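Have a look at these structures, which come just after this line.
Each of the next two complexes has chain A plus one more chain, namely chain B in the first and chain C in the second.
After this line comes the complex of A and B, so read on.
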């Protein structure tokens, strides 16, 4: 049975309604590229998603279509997903700042008490 | 999910958490309860993954197949501005499909496998797209009200627990507001136009009302199943809740235009604050979702044909050393 549609273009395709051949094979839709967008000069590029593409040139075309249809974009990066190295969420304790790294934080440095005590001492001396 | 209107997965009728490590499960549930998102390589219960793949995949298919009844009107859109707008909307929908396929891929199912399951009829898509868009007024009603229904679902689901799905939905919701405005504009134009135009839009609305009521899925029997999926923030509201939200937002706007809906029992109960209506025919719903609707065969045939026709090009440009890895986020 051939498909008969309200849309004459579909009817003209003369498509058989029953055949189920032509399964897609792995990589039929290519590999993926991750997309990074810079919305404004001076800001960081931000990861916005990925596209399936056969090459970086086409990845760029697809990324432009997919991620910059609206709003502003001044620059795009694409990179093959397989070229990205990532940490595991499971290991995210490696990012915890331990008490021993307190000296890296500005709030580890409190001088006001010492200054006030010094001033009080000096004032007492001169009184 | 896009319409919640899918057949339940029969394999998942037993406990969703059987065979799961109780300690990992508790950590997982605590993370969700604390409002944190789950990311692709996190530990997750088998059924969480399974239900999410099914849901996101079907949502993706709905975007792609949903573009067909509307796309058919691009060449016949009345006027250049509407043609441009409809092209933009249809392009957005295809884009939504791609974003969603990517989100589902992060859970380990390839886009090729999803497309195969769509074309073979194994995996479903929203039931409404098995109906024909007979006139331009149909395309207006679809763009306004089907998109409105989708927005109700998508907004709810964007607060779910799976990071990649939420991120995709946030992008999608931002674009949907144009679809809704565009659709409303078209319906208002017809409804405030000539008697012939009013007649067209009323006719389309009357034909689409039952599919729209079907869109949110059958009334939920509040099973243990639903409860767990809601605790996991996979399901963000019952089908009936979503339907009520939709009715509350849109029925008054439809009536404002002097249009009528083919349900004499449709009214808001001022005491309960809930809408009352005649249950749509769920037997019809079942028939259509199982392949017997007016356009099921055409939708899948067109989708299959597109794959076939594009194949030689894709094969010609495929890099010989391409290797697929699961997308990151």
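After this line comes the complex of A and C, so read on.
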């Protein structure tokens, strides 16, 4: 059976429907790269999406066109998706425990009264 | 120095060459829209095709200021023999290797031509040349990345690219067909001239191609004609298609 498409250019190619079946080979798809954009020099790069590409050079070329056309951008990073290490969502409870450990946060220390007292003393001294 | 009528004629001829190349290749490359090899490349290539049409508009506007008809009339009402584009840009898109190699050859020439024109004594053109610098730099980055990639892809990709290089090289040299005003353009500081541009182009593309592992044809003779209005059988059908909607009602406001 031949592929019949609404696009006559595809139909003209006379492609066998059978040959399209079966498992994908490694080269059938390019791997993905994650794209990070920097809006202003000195600020953090922010993740904006990903692109398929056969190399980091082309990933950069594609990323420019996919993600920076309408915005301001001064710098791009691309990183192979497989080079990013991630936590499992099933382990997301590891983040919950911090909420109960108030003493680990700077505002947990009750120093503001002492700071205010110090300021009042200094003000009185200079008055 | 004072511009004579011949200087202005030469300048107009130069502008028509550039604008017509950009319009025709922009239109050709836009034929890949929706058919690109992958989504990301489809978007990038379409966007660059659009850039080219935009650049051609900027040049037609300068021509209009020099007394030529308005951009739409110039773009949509001429016949093939009135176009100054080189023949290379009018060939059908062919397979992707052909379109990529043409893009590589053309965009390096375009980049160098605009770079040279950042120093032209004709200020409106100097401004346009500076304005498009970043846009064109991206086009050459894109072309270089693909030529490098496909030289090291598979045996098939390298063979296909090399064949397109061999096939297109004589046409690429045709981009630098001398005009009747070379002397006037050079002596007035309007333009460095086609011969100097061709040398800069060779100094750029030959080392790049060799560094990627391709062979550069050494015995290629340039195929001229386009700049003087001699075109292949492919240009008129392209113009007919491009102007199809315009011709329904040439006075319509868009």
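We adopt the following convention: the second predicted complex is superposed on the first by the 78 of 127 C-alpha atoms of A that agree within 3 Å, B and C clash if a C-alpha of one lies under 4 Å from a C-alpha of the other, contacts with A are read in each partner's own complex, and residues count from 1 in each chain.
The criterion applied here is as follows: a contact is a pair of C-beta atoms (placed from the backbone, for glycine too) under 8 Å apart; a residue touches a chain by one contact, two chains touch by 3 or more.
Since this is a predicted model, take the numbers as computed values, not measurements.
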First (chain B), second (chain C), both or neither touched by A:55: both
Which of chain B and chain C A:17 touches, first, second, both or neither: first
Between chain B and chain C, more extensive residue contact with chain A: B
Touching partner for A:30 - first (chain B), second (chain C), both, neither: both
Partner chain(s) touched by A:64 [first = chain B, second = chain C, both, neither]: second
Contact residues of chain A, present in both the chain B and the chain C interface: 9, 30, 51-52, 54-55, 58, 65-66, 69
Parts of chain A lying in touch with chain B, wherever the complex brings them together: 3, 5-7, 9-10, 13, 15-17, 19-20, 22-32, 34, 47-52, 54-55, 58, 65-66, 69-70, 81-82, 84, 86, 88-90
Sites on chain B touched by chain A in the complex: 39, 41-43, 72, 75, 88, 91-92, 95, 98-99, 102, 105, 110-113, 115-116, 119-120, 132-134, 167-168, 171, 174-175, 297-298, 301-302, 304-305, 307-308, 311, 314, 317-319, 322-329
Residue ranges of chain A in contact with chain C within the complex: 9, 30, 51-55, 57-58, 60-62, 64-66, 69
Contact footprint of chain A on chain C as seen in their complex: 35, 38-41, 43-44, 47, 138, 141-142, 145-146, 148-149, 153
